[in-house]
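My questions will all concern the structure given below.
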């Protein structure tokens, strides 16, 4: 038996959102009399963290602490229209809608505060800790709770806001494909180190080193969740998964998690990640949407590493031991391509 | 269809419920006694989302014939916290951001508790083995493994069940 | 067809009910039967249970060990007498499955399951049925889906001397996944040469099986790279490995000698 | 496992002193997750909840002669049999909410099935097991039809027709073509001038999204003559709109509740369970639950479809890619779902994150007799990225370049024109490549370490090239045995440009690497007589050429002025308001409402 080390590389970018636009999302923000806010969405949290990321966006925009905001997904009676959580559109589209809604609510809150403080609303700032103060005169302040209470009980104002974000639908030219697809891109580069067993064709992922550019990391812990889990999924797509193992034949399709192969907790490779943040000009606080692209570089990087290890090009996914072994045998043995 | 009475304790409370012949424990826990913490992920025994402890051992409730738990003591994630105080495993799962969609979390916690109750100082390999019957599609497992190891260090396994 | 469940105090009663009803199945731990129930399997409508404590006992009798058919993988892992079977029991399922899956169930598990059965095949396994009759394991496997169905009460295996018993489960998923190929071997040596080898596979055919061609080729061989050469050449002789979601027949055939070599020469 | 933030990069484009943004605050839903109290769709209890299961096709392709459910209807626990006729408006396409594509799929099929697992009847019973037993008792008389499973086979003239709405087995784009085109520059001329041609074929098999929670919905009557629907959907109003259309119910009579979902990854967009659960509720007046089991989730639920790609690249010895051509086949399965749109997203993504001055792509959305495909994480992009990046590795190998340096050399930069004719901005590919290589201790040379996404793009690289177009692949031509339109024409570039079959090549973004391989030491830009000369232009002003840079062998790096060809459109950076284009004004491409 010989174990061959291999190293592969890939770079990718990923278009954020539903590509051609025409996919609006809305948000409603309102406050209780004590300045605690609710955000109503019909957007979906399917694990990616929609609730928390929009909560932080709302808090930042309103100028209140994050504990003062809760987000409700998704009730069609209370949450205004949203196209849905797919295509990495959630953070970008819904986040922008929340900003717009929160800005409107904030402006009412500041107007109410201005009336109480007898100043111009344009001169007010929030400290993000629950206080509104006069710029340059921090002692002249009022809490956000007092301002919202005054708005509702003294001034008869609703501290609320509506937001929508829409990138208008782009045409596609039938002849040239000219279009305005998406508005921003996330980026990634990944180096994978593997070992290939030349007697069985088994590929063992030993290490991943990556750089992901995600726009602004709105919540770094949640970005980390996406990248770690997404790269695992990329590894899985590269080496394990398919519903049709003998595609295009439709036979032997797995019907359970024993036969639908995915890497187990004993297969995971150490993954060292660098996160780069180049804010998207039109993203909420520059955020893009790291959820989808994180898997993509792993697939080709693994294929390229297999070539580096044993000189076999596997151009069909998944890269099963069988395909690798067939390639090695067709070449008359492993042909390592040299250390990288 | 005949119904059979079954009594057991769940998270320390005694329960009595009528079950159908052939009904699985997952269905009875969820719809019969209203403990929604174990989840249906496959009904085949291949995902682990329905894991509960029966007399302290991890079992797949979807593959457990409900009437066979007569007189036994069950525990689920629904009863893991003591009042408002989270179990160290729950606390560690939160601190390590070990849940994304959260659907596998309940089963993972039960698998982990079953490990730590027997082995308070597990190695990484022990943890990997303990969750090897549980599928997580979101996290890539690493945060879950780290959370369980962290909880063990914080004495999760020495805490009485 | 709604399901009915019948519980018996004695194994013999359950066996009688089983043999008299083509639509009845005996349930050991539930990992196979309950899945079938959940999925709406129309081939049976009655589940038989037996509470006989003998079914869950492990007993040592001389150099043999008697394992009740409802003994779980977890019980095997908790038994000092069965320490040689620990790597086998640990290869089955995750911990929750091991708390449920039984020895008897493994004998009736369809491809790709049956890792334990491969081990039992090389451990001189004698099968005792509920009525007291005995059977060899190959006979039981051959007839396991025939009517009338039999209920296994226990299996008896020989306790191997150290180093004789070898086991390897090849899976795509770590630490736990279904078998691509499982190999169990019993390799006694005399004067540095193999004598009386037994080798069995699981996941290489419709049921776990002994591999006579390999056993014959090992006779008199030395346990080294050249010594096992003929056995490796015979690794799939007379065997038509299945194609499934895990691997093709071609692949199983190609890697069988590799994994056989690693089993025989490895630890 | 480690995570680091490289805050020094793009630092002047960010304000890092915000109150809440950029903080790793605990998730709002974490406590619910770890206590088992997060309310997923199935975590709502109803008294007398009924269960729905479907009768499904065992065949890839078959006509339904008859369906006999007389026995099933009378079985214990069976409350109602849902027939295709019970669906008020039993024909839909998912993207009809965006006016994209024609209705082509029934909730329950009545005449024909086109994939294994296609539903033809549904049973509502008191328990899941009773519903399954009744499903097993339904007898369907099938007339098995020939089927086709391979995308290229399906495009042959004599292939069985999978989906009668698209009788050519391909989606109709813009009411004109049987594929989506991308035309930018002139790949054929560039291929003739390239030092190397590198071709590849790539295949990606279907992938299951595999969320641990399967697709499901519970519908129940609300007191005010409305229906509440708890759902696992990824897109609440998508599902609401789809249910409203199929069931002919106004949207405000539907109350959808979801938003806490056990994973999706694209597998919970198709909105198949919600209409069925609500229909069950409408027909019985009782709460109904329709949940896929794991086998349905894996084999009936739509996967990320398979894709097949053919790539052809024209490359110079110094590593610059001067032309890239794609032919792609998306295996949509039997019905459209989202594959048609995935191709649009894919086309806009080509040729990947690289500056390539000549790009051509033809992508087909092909109907085959398999489970319809839908969205998945990486929608429209993952498959072709695999193809592109494997191809990139092959090219780097062929030209003897370090793969990291090769990516950086060809990377797109701020201001570059992309093949879909919009300028690139906010790029960061180069920086990712640099950082990943550094982390992995993969050495790259200094000039590549110094490269930047913010420098070296634009200028000549922003010019839209002279473009060759064609009318190949008009709808119906292929099946009728007609070869493509064959007629090519050109669209003038944004600046004066050469006559057809010549173009201005890309300026190198960084100095060409110093002698990466013997081959690269002798770049040959001049080509044998017939082919027009390849004309490398100067490096961008911001990147002074290094002494090592190979001297241009061909004419001066200025565009050759030429009269626009008679067939070409008026020069315009934003061209295409040419008459005769359907521009989505169709029900087979995008149209505005």
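Note that the chains take the letters A, B, C and D in the order they are written out, and that residue 1 is the start of every chain.
Note that in this section a residue touches a chain if its C-beta (ideal position, glycine included) is under 8 Å from a C-beta of that chain, and two chains touch if they have at least 3 such contacts.
The structure presented is a predicted model; accordingly, all values stated were derived computationally and were not measured.
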| Chain pair, B-D or C-D, that carries the greater number of C-beta contacts | B-D
| remark: In terms of CA centroids, furthest away from chain D sits chain C
| message | From the mean C-alpha coordinate of chain B to that of chain D, what's the distance rounded to whole Å? | response | 39
| At what distance in angstrom does the C-alpha mean of chain C lie from that of chain A? | 46
| Geometric centre distance via CA averages, chain D-chain A, whole Å | 18
| request: Would you mind listing the residues of chain B that make contact with two or more other chains? | output: 1, 20, 22, 42-44, 46-47, 97, 100-103, 125, 128-129, 131-132, 135, 137-138, 142
| message | Show the residues in chain C shared as contacts by 2 or more other chains, in ascending order. | response | 2-3, 37-39, 175-176
| field | Residues of chain A touching at least two other chains | value | 46-47, 49, 221-222, 224, 228, 230, 233, 245, 253-254, 256-258, 260, 262, 264-266, 271
| Does the chain-touch network form a line, ring, star, complete graph or other? | complete
| Touching residues on chain B, where the partner in the complex is chain C | 1-2, 4, 20-22, 24, 43-45, 48, 51, 57-60, 62-65, 67-68, 111, 114-115, 125, 128-134
| note | Listed in rising order, chain C residues that touch chain A in their complex are 112, 172-178, 243-248, 250-251, 254-255, 258-259, 262
| query | In the complex formed with chain C, which residues of chain D make contact? | reply | 76-77, 129-130, 132-133, 135-136, 293, 295
| said: Touching residues of chain D toward chain B in the complex: what are they? | reply: 1, 26-27, 29-38, 40, 42-43, 45, 49, 76-77, 127, 129, 210-214, 260-265, 291, 293-294
| query | In the complex formed with chain B, which residues of chain C make contact? | reply | 2-5, 27, 30-31, 34-35, 37-39, 47, 49, 74, 90, 93-97, 99-100, 175-176
